Structures are given as C-alpha cells and as structure tokens.
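These are the structures, in structure tokens.
Each of the two complexes below includes chain A, the first together with chain B, the second together with chain C.
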Partner chain A sequence: MTENLKPENNDQVLEFVQWAVTQKMPLDVRGQGTKLGMGRPVEADHILDLSGLSEITDYQPSELFVTANAGTPMKDIYAALDQQNQQLMFEPPDYGPLLGSAVDQGTLGGLVACNLAGPRRIKAGSARDNCIGFHAVSGRGEMFKSGGKVVKNVTGFDLSKLMTGSYGTLAVMTEATLKVLPSPENTRTVLVRWAKDGDADQLNNQAMTEALVSTNEVSSAAHLPAKIAARSAVAYLNSAGSAVTALRVEGPAPSTAYRCAALKELLSKFGDVEELHTKNSKILWKEIADVSYLAANQERAVWRISVPPTEGAHVVQRILESAEADVMYDWGGGLVWLQIDEVDQASKNLIRGSVAQVGGHATLVRASKQLRQSAIVFQPLDPYMTGITKRVKNGFDPEGILNPGRMYKGI
Partner chain B sequence: MLMPKPDEGTIAKRDEIIRAMQSIVSDEGVITDKEELRAYDCDGLMAYKQVPLIVVLPESTAEVSKVLKYCFENDVKIVPRGSGTGLSGGALPLADGITLGLGKFNKVLDTDFENRCVVTQPGVTNLAITHAVQHKGFYYAPDPSSQIACSIGGNIAENSGGVHSLKYGLTTNNVMGVEMVLMSGEVIRLGGKHLDSQGYDLLGVITGSEGLLGVITEVTVRILTAPETAKAVLLGFDTSEQAGDCVAAVISAGIIPGGMEMMDTFAIQAAEEFVNAGYPLDVEALLIIELDGPEVEVEYLIGQVNKIAKDTGAVHVKISQSEEERLTFWSGRKAAFPAVGRLSPDYICMDGTIPRGKLSEVLREMNKLSKKYDLRVANVFHAGDGNLHPLILFDANNPGEFERAENFGSDILRLCVSVGGVLTGEHGVGIEKRDLMGEMFTEDDMKQQQRLKCAFDPNQLLNPGKVYPTLHRCAELGRMHVHKGGVKFPDLPRF
Partner chain C sequence: MQISLQTNPVSLQTNPVSLSDEFLEELRTVVEQRLSTVDAVCFQHGKDESWHESMPPGAVVFAHSTEEVSEIVKICARHKIPVIPYGTGTSLEGHVGAVHGGVCIDLTEMNEILTVNAEDLDVTVQPGVRRKQLNEHLRDTGLFFPIDPGADASLGGMTATRASGTNAVRYGTMRENVLSMVVVMADGRIIRTSSRSKKSSAGYDLTRLFVGSEGTLGVITEITLRLYGIPEAVSAAVCPFPDLESAVNTVITTIQCGIPVARIELMDEVQMKALNAYSKFDYPEQPTLMFEFHGTEAGVKEQSEMVGDIADDNNAGEFQWATKAEERTKLWQGRHDSYYAAMALRPGAKGMATDVCVPISRLAECILETRKDIDEQELLSPIVGHVGDGNFHCCFIMDPDDLDEMARVESVNKRMVMRALEMGGTCTGEHGVGIGKIDYLVAEHGEALSVMRSMKIALDPDNIMNPGKIIKL
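Now for the complex of A and B:
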C-alpha cells in the first residue's frame, strides 16, 4: 500500500527517514510532484511529501540571498523577490505545461533537485551555481548541512553542488539558500529574421556566436526555426514567417540602447533586424525558458541536448537526416530541444550517437512512464563513472531508500 | 599543528618506492636529494615546513595514473601540488608521502574562441590563460592576487576567487570540465565544452576539494570577452560604518561592480607610504569601486556611484580620468600585503567571509581583539562579497608571539562564523583552519563530507591530515548506526 507521509517540520522529516532506514523502506521523495515526468519512475512504497515544509525562513535583500524550506512553492519565492525588485539570476524555467501539468507549480526543492536553468544560463549559471547552502537528512537518517549564506565560501567540500541535480537520490533536502540579485533595469532583444530557413539552419550558430563574442554582453541567445517562431505570442515572431534568432541585453537603459544598436549593426548581414523592448522581451524569454513551443502534442517525446554551442546545429542536421523533429536552440546553440514522434532504439542511437561525436549529453525529458522505465533517460555513464556514482550514492544512502532508480537503474 | 603520525613502514620502503617511480616517470622526474627536496617543504603558508618523502614530477595522464595506482596498491600517501602558492597549507608535504608536482603539465592545449573556452593542462598559470587569448580580446575572469604564479589546477583545488569574483564568479563558476585521475588510477572526464555535466555534479565537488579527491590532469575553462572599458572610483569615509553603508547602497541599487575593495586606516597608510597611490590619509575607510563594460554604461554607473557615495557621507571622491590613473588607484590595494609586511618582521594573512551588513561590527570587535592580544592588525576586504583579509603583524623572534598571532587569527574566524559568516572565503581550509572546522560544522556534517572522500579515496591516501580535524576510517564512516525509529509513528501526519 502506498502511503503519503507528509512531515510538517524538519524533525518529522528526520523521523520518517529514520523509520524508512530501519525498515529498509524506499521513499519517493517529492515536493509538489510537478517534475515526476523527468527522470525514471521511482520504485518506492511510500511517498515522502515535502510540500508541508513551505516557509521562506530568511530573506535578506541587502545580503543577496533567500533561504526557504524545500517545499516552498516557487511562486511564493518569486512574489517575495518581486516586492524587493530582485530575482533569481539563473531564471528557473517552468516546465509544467511541457510536462503536461499546470503553470506556476513546483517547489524550491524540486528546482534544486533537477538543477534547472533558463536562457541566462550562459551568463549567470544554473541552479548549481546559485545554490550556496542547504540542510538535509541523509539516507542514513542523519541531519547535515553544507555551505552557508555567503557566496564566497570554500569551507569544506561544496556539497551544495552535489545535491543540485541529484534528483533527491542522495538526501532529503529540508532547506536551501539561493543567491539573488536586483532585477535588471531594462531589457532589450535584438531579433534577426532570416530570409530563408535553410540559411538559418546553417548560419544561426554563426550569428549567435558573433553576438556572443562581441563586447555587447549578450545575456541570452536563442534560435527558433520558422515553424517554432510561429508559435510565439509575440507578434514580431508569429508574423515573421521565417526563422528568428534572438539576442538579449540587460542593464541600465542607456547601456541596453547602446548595445542593442551595436548588435543590430553587427547582425544586419544575416537578415532583417528588429528589436523588442522590456515587455515583449519578457514574454519571449519566458516562452524560450519554459520551452512552451514544444508543450503541445504531449504524446510526442522531448529530448534536451547539451553540446558545445557551435555543434548544436550540426548535431541537429545529423538527426534530421533520418528523423522528423521540431527543434529549437538556446544557450547560443549549446542547448537543443527536440520534439520527436517515436523513441525507438534507432532514434535513441541516432541522438546519443550524434551527441557522443561532439561531447555532451542528451536527456529524454518527456516520454511515457513505460518508456522512461525501460529506456535510459540520462546520458549513459562509462564504467568508471558508474562506479564512482554508485560509491557516492552509497556514502549518502547506503540502503538505497531515497528515490531509488530515479536517475539510473539500481542507483 | 598536529599532523598524522608518519608511517615508519613507508619511510623504510623509500628506496623501493623511488625505484618504482623511476620506472614510471623520467629519471629527472623523481627528486630524492635532501637539498633539492627542501624547495618543496612548504607552500604559501610558510610557518609550517616538512620535507616530503620524495617528489615525483609526471608528464602525462598515463604517468599520473600509474603513480596513483602504485600508491593505491602499496598504501603510499600522495600530496598533489601545483605552483605551491596556496595560503592554507594544502600542499604541505608529508614525511611519509610523495609530493606529486604537476609543474610539467604546462601547455595550453586548445583556445576555442567560438565556444568561448580554453582547454589547458593544470600546471599552466592563471595569468597565462589570459595571455593565450587576449590577442582576440578575451580573458579568464577569476584573478587571485597570486595569478602570475598560481596554477589553474591549484585554482580548481582551492576554488580561488579574486577581486573580480563579485561580478564574474569564483573558479567553480568558470570551470567547465576536467580530466582527473582517481586514487585507483582510473581516469575520468567530467563536463567539457558543453554546459552542465550528466549525472551527479562531481565537477562541482572536485572544485574546492583541496587535493583530497583526485589529481586533475586537464582543465576546460570559460573565457569572456574583455570589457570595452573600465573606470575606478576612489572613496574616503570618516567611519567604516559609512563605507559599509555605501557598499550596501551600491548593491541595493542593482549595481554589481567589477571590483569593490575596502581598506582600513592602517592598510591605507602602509600602502600610501609604499607606493604613493594618492590615497587620502585622514580617513578611516577607503573604498575602490571599479565599473567595467561598455563606455556608456560605465559613465552612467560612475554617476550613480558618485551620488550614492555622497549620500552615504564620502569625504573624498576621485574618479579615474585615465587608464594610468585607474591602475594607480589599484597599485596601493595590490601592494597592501607587502606594504603592511614592511612594517613588521612577520605577518599572517587571514581569510573569512561575513554578511556585508556586519562589516563595521566585525571591525569593532577585531580592534578589541587587537588590544587583547597586543598585536596590530590591518584590514583589506573584498567588500562586495564580504570577504575579509585581516593581516596580523607579529615578530616570530619574540617567544610566544607566533602562537599569539595564530590565536588572534582563530578568534577572528570564530567571530566571522558567529555573525553568520564562514571560516574561509577563498584561501581554503588546508591545515591552517582545519582545527576550526568544528566552529562551523557538526560531527555529522563533517562525517558526511568525509564519506564523499571515501567514494573517491577509500584508503585515505590523498592529502591526509588536511581540511578535516579527525581522520575516520572509511569502514567506520560507512557503518550504519541504527537509530530509533523501529516503530511507525502513529501520531505523525500522513495524507
């Protein structure tokens, strides 16, 4: 029988985990469960539901950090930051609709556990760069902490990094501290509208790269083929009828105006250039962050591919030679999102093979439960990496009671 | 400072170990001569010295792998070493251990401007990376003050910071990948030219692990385009409270300067006497705020900072009018350590981080401690991120004074922790702060960290005696303790 264990405070988390340890009873650790579609399904008898731990415990705007319980809804954190005109620089995406659930759901713990990041990843890092401390209960039934509330800290191993992206398989996080920064005063986006889609496929990397290696401090660079651009809510894009490359600059108003003009001049050789101001920019970059364009057609699988930026388009080209897919690029070409009809052995081999050639990893982000159970969701590890991964897991959770199998079978 | 007792058995096997090493690396790559070994007897923390058993200087990943495998199979300890500039004793040798120098790994392998990264061997210096890419307008952002000498491998081991880390992050935010050798001799690759590694973020824990988890043999770092321009503002305040307020107000206004440094009266005077940087001598606190970026942005922000400075009571404001003047402003700050050093036979440099808002409180307490220990202290800070570097002046020739200075330093770090800060911001724990770890961490906190080490180094052969005050055997750390919890809790909520 599956039971839902819902602790109301840290001591109860400790007690539940200690009980699970002695009973060797696997736990499915979750916040609101909005990202259960990511990773493999957990094989556990009980749910440890952290959504009852939902308080912002320490927010000090002048010290540029926010500390909250793991089950705190992200929308509560955004509301608190908004009041102080601050934000999380790594721009956490909302994959709710992409994964088939509602918008504005999800908790701090889930965000950290999945190491998410939006388009500003290339400048501001991901969750792992912004989580500076945490408290947790290990799979040994012991409370421990690492890091702190100051950014500059090299005291002991940086376990915050290890916890970030571990999908709850190492310890049950009860509290985390994230860096915050003041929101930029102004945002502008330069759009390049390509005359021919074919050119765009070949040259979008070149356009993004030229922008990124210029001195214009581009904070995000994405490319949307014509079919994808047509799905945007921003008129400039949905009426473009062509592929669009988007470059974002943020900062004080005089600076963004200057950099925007410089970028337009630099990129005009690739196509028509337009610019979006703060309001439309915000809509566009949220769509890109949330991968809204690929939310429809839930029965189709979605892959997330991270490769060296100049290789993104090449990898896609190789895949499209033998499969039909909807594609969009973020992170200057280094992040490729791919929606594809079927996930069979051939398409998996095709995608993982293409990625392996250039270095990087491909993750099956959306697929049926059966498929995620049988398929390897994350990029497979080599034998040495498998060994060290197992040993790390064993150090934190020797009985294998925390989210077993969520990342890799048997880990 | 107590180090683990050297193993007599290993020392007795010295000749055998030397022969084994000579069969792996070139002859001149094994240093056994007592006089030559003396060159390796300490790192930047020069108060502690120990001649290593031998020094081995491998030239390839394969050689590192063979050396570690031999040590793993024969129970020989290893101390990895880059340029030996670390300030916390992380590369202090062991009498029964091999010091593994990575100095021969000195080549930049690939400068990839389009993907904005550099692949390099770990012995290359921090500044050499910038030198390799600056002709195309790029640089490597983290800039520890030892950047001319310190190696990028050492930077990763220590997660080094620098003046620019406020805006551009620490080493950990700028490393994209490594190749490393595990104690067993296995070679793994983490990350690369792409972002985020698959699986657990081992790259994140390797960075700042102080040579306790493995030996790095190749590094991929992110490079940035150099800012179009940079300007600095020199600000003097009557009180450190006002300077602290100014720092807070700049940050609150959404301005993240390229650098924001603070000096106290003693440091100002010492630096001014040494380099004539034009610092005001009648102030209690000096701030140097540097803005970088497109010229139009820098001009705009200088105006904002100027206004904030006046609002918070700056009595001295000077904006650099030329690149030469900007560098002059910095010359005093950069020479602060030697400048203070001139005034005293010896000094130790501390390194703690505090919440920005506690700056003046901590300064006041530090002055009380200075009276208590009857030792002078000068202060330079990375004010933007609350990273303090108190310099404690003493004379080692006076009996007991070094110990007094060390105790003073320990009290400063305890003070940092008590106001919500941490023991070390960028220098690392090493041996220097090892015995203070309990101020910040519980036994369970430290045991969990050490279990991570066991996953990499089950026999605790890599840099033992550093960072953690107590060496637990991995078998002991791995044992499960049965807690209470035999019964299911009828009164706990479940839905």
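Now for the complex of A and C:
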C-alpha cells in the first residue's frame, strides 16, 4: 500500500527522511511526477511528495539568480522572471506532452534532478551548468547545502553538479539556485530548405557546423527532416515540403540583423534560405525544446541519443538501415531524438551498438513501464563504473532509501 | 567561529612517510631514471606560488603516460603511500604540498596536444600542456581556449583546481569547459569520465566531481576541452573612474543589460600604481576598469557604445582603446602579471592573494570596507577583481618573518572572509581550498563536509590521493 508523505517545510522533509532511514523504508521522491516516465520505475512503498514546497524564496533580478523550493512549479518561476524580462539561459524543455501528461506541470526539483536542457544547450549549458547551489537532505538524514548564490566558487567538491542529473537517488533537494540572464531583445532564425529530404544527410550536418564555427554567435542549430518539419505550427516549416535546418541568433536588434544576413549568405549554397522573426522563432524553438513533434504515437518508444555533433547523422544512417524511425536533430547534430516501435532486444542492440561506435550514449526516454523495468534505460556502465556509482550512492544514501532503482537496477 | 590561520606552515607537514629502498626500486621499474629523491627537486615540488612553505615529497617521478601513472599509483596504493599530482606548481593555497610526504607525480612531460576536433569544437590534451601552448597550437585553426588564470598554468592543474580567469563572464570557468577526462583512480584503475559528446547523462557526473577536486580523488591524465571560434572582432579599453562605487556600478548595469562583455576587470589605485611601474604604462592611478569585447564587427561596436554610455552615466574618465592585437596583448599581460607587479612594490617580500566572491550588489561595499581595514592596519595590499563575477583579490605584500605584520594580515583576511560569508558570498571564487582555506570551508559549508568526506572515502578509501587538502579526514 503506497502512502503519500507530503512535507510542508524543510524540517518536515528532514523528519520524513530520518524516519525512512531508521525504518529502512524506500521513498519514491517526486515533485509533480511529470517525469516519472523517465528512468526506471522506483521500487518504493512510500511517496515523498515535494509539491508542497513551492515558494520562490529569493529572486534578485540585479544579482542574476533565482532560488526556489524544489516543488515550485516552473511556470511560477517563468512568470516571475518574465516580469523582469529575464530568463533561464538553458531553456528548460517541458517534456509533459512527450511523456504523456499535460503541459506546464513540471517543478524546479524535477528539472534539476533530470538535468534537462533545451536547444540553447550548445551555448548556455544544461541545468547542471546553471545550478549554482542547493539545499538538500541526504540519505543519511542530514541537511546540507553546497555552492551558493555567486557564480564562482571553488569550495571543495562541486556537489551541485553531482546532484544535478542524479534523479533524486542521492539526496532530497529542498531548494536550488539557478543563474538567470536578461532575455535577448531580439531573436531571429535562419532556415535552410533542402532540395532533397534527408533523414541522415551529411550536408545538413556540414551546414550546422559551418554556422556554429562562424563568428555569428549561433545559439542553437537543429535539423528537421521533411516529415518532422510538416508537424510544426510555423507556416513556413509545415508548408516547406522538405527538410529544414534552423539556426538561431539572439541579441540586440542591429547585431542580430547583421549576423542573420551573414548567415544567410554563408548558407545560401546549401538551399533556399529564409528567416523567421521573434514570434515565429519562439514557437519553433519551443517545439524543438519540448520535442513536441514526437509526442504523438505514445505507444512508440522515444530515445535520446547524445554523440559528438559530427557523428549524429552517421549514427542515424546506421540505425535507419535496419529499422523505421522518426528522427530529429538538435545541438548542431549532437542530440538525436528517435521515435521507434517499442524496442525489442535487437533494436536496442542496434541503437546502443551504433552509438557506442562513436563514443556517445543513448537513453530510453519514453517506453512502457514493463520495458523500463526490464531494459537498461540509461547507457549501461562497465563493471568498474558500476562499482564507483554504487560507492557514490552509498556515500550519500547508505540504506538505499532514495529512489532505489530509478537509474540502475539495484542502485 | 574560531578560525586559525597557520602562520608557521612548516609545522603543517606531519609525520612524512619514509620511502623504503624497495619501494623506490619498484617505482623505478616503471619510470626508470625518471625518479628523483634529490632534496632540491623535492623541495621545489612541495611548493606552489603562494606564501605557504614547501612541504617536500619523499620522491618525485616524471610520468610519460597514463599507463605509467596507473602503475605508479598501483604501487603507491599497495604500500598506502600518498600521491600528489603536480603540474606547473602555480596554485595559491598550498595545493601541492606533501602534507604527509609521499610521491609527487610530475606531469609536465606529458605535454602533448592529442587531437583537435575543429568541427566538434573540442580538443584533447595531456595534463602537462600549458594554456598558452594550447592557444599557440590552435592559432591556425581559428579556435581558442578562453580560460586564463594569471599564471601560464597546466591544463591538468587548471582542471584539478577548477580554475577561472578574466573571461569567465562570457565563457565560464573550467567547470563549464571540461567535456571529459581520463583519470587514474586511487587504486590505479584508468577511467574515462564521459564521452566526447557534449551531453553527459550516463550515470552520475563524475567529470564535474573531478573538476576542482584538487588531486584528492585521482590523477587527471587526459582532458577534453571545449573550444571557441576566435571572434571576428576584438576590442579592449581601459577607463579610469573617480571612485570605486562608480566603477562597480558601471559593471552592475553592464551585466544587467545583458551585454556579453568578454572581460571586465577592476584594478584599484594601488594596483594601477604597481601596474604602471612593472609593465611601463602611464595610466591614471585611480580605480580603473579594463574591458574586452568579442564578436562580429557590428556586435563589438554595439557593445562598446552601450558600455561607453553606461560608464559616462557613472562619471567615467576617458576610454583608452586598444584595438591592435599587440596593444591588447600588452594590456592583458599587464593584468595577468598583477601578482608579480604587486610583489615588485616591495622587493624581497612575499605575496598572499585572497579570493572572496560576493553578490555583485555588495561588491563595492565589501571592497571598500576591506580597503579601510587594510589601511587602518597599515598593510600594503593592492586589490584586483574579476568584477563581473563579484570576485576580487587582495594581494598582501608582506614579510612572513614579521610575526606582527603576519598577525595583522591574518586578522584583515579573516574579517574579509567573514564579511563575504555574511553577504552571501564564498571564501574562494577561484583559488580553491588546498591547505590554506580548510578552516574557512568549515565556516562556509559545515554540514556539506560530511557528504564531501563520504565522497572522498568512496573513491579513495585509503586516503592516499593528495591527503590533507580540502577536507581533513
């Protein structure tokens, strides 16, 4: 029988965790539970529901940071930042619809615990790069903090980085501090429309690379094959009838216009070039961030593949030789999203094998509970790294009570 | 909270282990003649650029490969002998001192640039490669690596200490720019922390745990770093201000407007005097900001005009522009040499660089209170700051043998750290903990130390990796 523990303040979090430690009682730590579909199903009888801790505790626009409780809905944080014309540079995606739930439900804690990032990742990093401090209760039942509210500090081990992306398996985060920056005055997107459709075309990769190494400060580079582009709400893309590569520039109006013109000239050799202004750009990059093009067909699995950017197209080519899949690229080709029929062992081997050849990793982001229980969701670790992972987990959570099994079976 | 700053650091070396002939012979089977127990070599390897006295290791080995480092660590692990990795010895908190003796692994001969992936914007280097060497190598690729601490440090050392520099506002610190590394663990095993892909999501992020671990978790033997395109246009400027507040307010407004300045550095009037004397400039001896703008021609023009307007609103003096590469190099070399310039103000004295970081709105207040304290205690200490990050350094120029002067330095430093912590800041923005800030770390992060300690024990159960740094076990 699952029981719901819902603390109303940090002291109660500490009490509940301490109780769970003494009882050796595993806890399923969650905010709104919108990302429960990511990772393995947790093996726990009690839910530690942090959604009651939902206050922005310190937001000083002039200091360029925001501190909030772990259960704070991201939409509240965006609203506060919006009023000051500021934003989170890493452009947190909303995977709600992709994972089969509603939009705008996610919390700060979930965002940090899963280390998410949007298309601006190549320039601004991920949640991990932007989380500069946190407060948490460890699996030893001890409250601690690390980092702070200044962007630079080198006070010992960088625990914020370890906590980010640990899926609640090391400590229960009660508060986190993220960097913020002023929103750019202007956003433009240069689109390249390709003459032929390429799911795995080397040329689009070359176009993105040329744009990214140019001096035009491209903040995002994505490629949408024709089938995917057709699903966009932006008219130019859904009527393109071909694959589209998108490159974003942001900043004050004059330099944005200058860079946009330079990019169009640079890329015109690849295909027709067109540009989107701020409103359509925002719609497009939100779709790409949220992977909304792959939200439909919930019965199909979704993989997130991370490889060196110039290898993205190679990996996809190898996979498509033996399977049918919907594909889109972000991060200049370094991030591949793949929607494929629910995996069997063969397709899993195909994907992981292709990725391993180029030194990357593949994460099964969406799949049925049964599959997530039996399959390895994250990139498998070798036995030595499994040992280290166990020791790190054990250092924070010796009784193994926090989200046991969420990342790896038995850890 | 009682904090003691050791003014007689010789006593910090406690019971250095003695290295038996059999043990040294075992090491020689790996490194052959590249092992030294000569006093002068050991003395030099037990000391960094700070005022901390040398704590010499019992032996120094010069490693040539990851495999050799692995074999050396395996032997040390078997005998439970401390291992201290050493790059260029330019740290500032006694990071390389052999607190309990042991074996220093000098990595400077592992100085090859292994692969440059221009298209993926990354480079893989051995740990002994120095930052200037890397940028010279990259010059014809149109790419560069931006992190630039004052010294021409090794990239292994910069990774281990999570170094930053003058470019952090725009490009971040080592924390944001290390993609992966090869590490020899405390048992001698070789691991690669993540792949070259930009996004690491395979398990816990060990890469970042090793960045800034100061050699206490393993020996870094290979590093993959992120590179950036050399901007189309670069422009630098020096601008004096009537007082410190005006300078700091200019910085605050610039950052809040989201102007992507590459560098904003502050030097106070004392440092400007030192700079003029040491680097042969004749800038006004007033609080001064140095700026650098990177981008397209249009972008640089736009940024410099916006900052010019903001500075004008804050009663700035005249901007002196340096648009030629040679002028800029001279200017920034002058800034990078500020530690040496400060020391030249009082020949024969030693320097102690402090490193607090505070929220930027408190920066002017924190610097002014600290300046007042320095003057009241009749000490010599120029102040420089990476003000875009709220980080500033006092450089006490002192005579370590003058116990009264040292006591005054200690009291000013202690009050400054406490002031910074009260303002929501940190005791170290970029120099790290080493042996010098262990007690301050307790003041700042008391409860987190048990977590850090359990991490240390998890990865180095016998405490052989650079023991006595960051945390006391």
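To be clear about the criterion, the second predicted complex is superposed on the first by the 408 of 411 C-alpha atoms of A that agree within 3 Å, B and C clash if a C-alpha of one lies under 4 Å from a C-alpha of the other, contacts with A are read in each partner's own complex, and residues count from 1 in each chain.
In this text, contacts are C-beta pairs under 8 Å (C-beta built on N, C-alpha and C of every residue); 3 or more make two chains touch, one makes a residue touch a chain.
Since the structure is predicted, the reported quantities are computational estimates derived from the model, not experimental observations.
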Clash or fit, chain B versus chain C on superposed chain A: clash
Partner chain(s) touched by A:R259 [first = chain B, second = chain C, both, neither]: both
Touched partner set for A:N4, first chain B, second chain C, both or neither: first
Partner chain in contact with A:S101 - chain B first, chain C second, else both or neither: neither
Which of chain B and chain C A:T278 touches, first, second, both or neither: neither
Which of chain B and chain C A:Q60 touches, first, second, both or neither: both
Contacts of A:E217 with chain B and chain C, given as first, second, both or neither: both
Chain C-contacting residues of chain A that also contact chain B: 60-64, 115, 117, 121-122, 125-126, 128-129, 138, 140, 142-146, 148-159, 161-162, 164-166, 170, 181-184, 209, 212-217, 251-252, 254-255, 258-259, 306-310, 331, 334-335, 359-361, 363, 378-379, 381, 384-385, 388-389, 391-392, 394-396, 407-408
In the complex with chain B, residue positions of chain A that touch it: 3-8, 12, 15-16, 18-19, 21-23, 49, 52, 60-64, 85, 115, 117, 121-122, 125-126, 128-129, 138, 140-146, 148-162, 164-166, 170, 181-185, 209, 212-217, 251-252, 254-255, 258-259, 306-310, 331, 334-335, 359-361, 363, 378-379, 381-382, 384-385, 387-389, 391-392, 394-396, 398-399, 407-408
Interfacial residue positions of chain C with respect to chain A in the complex: 117-122, 142-143, 161-162, 164, 168, 172-173, 175-176, 185, 189, 191, 195-206, 208-209, 211-213, 229-232, 252, 255-258, 260, 295-296, 298-299, 302, 306, 357-361, 386, 389-391, 424-433, 437, 441, 444-445, 447-452, 454-459, 470-471
Residue ranges of chain B touching chain A (in the complex, touch as defined): 112-116, 137-138, 158-159, 161, 165, 169-170, 172-173, 182, 186-188, 192-205, 207-209, 212, 225-228, 248, 251-254, 256, 293-294, 296-297, 300-301, 353-357, 382, 385-387, 420-429, 433, 437, 440-442, 444-449, 451-456, 467, 477-478, 480-489, 492-495
Interface residues, chain A side, partner chain C - complex: 60-64, 115, 117, 121-122, 125-126, 128-129, 138, 140, 142-146, 148-159, 161-162, 164-166, 170-171, 181-184, 209, 212-217, 251-252, 254-255, 258-259, 262, 304, 306-310, 331, 334-335, 359-361, 363, 378-379, 381, 384-385, 388-389, 391-396, 407-408
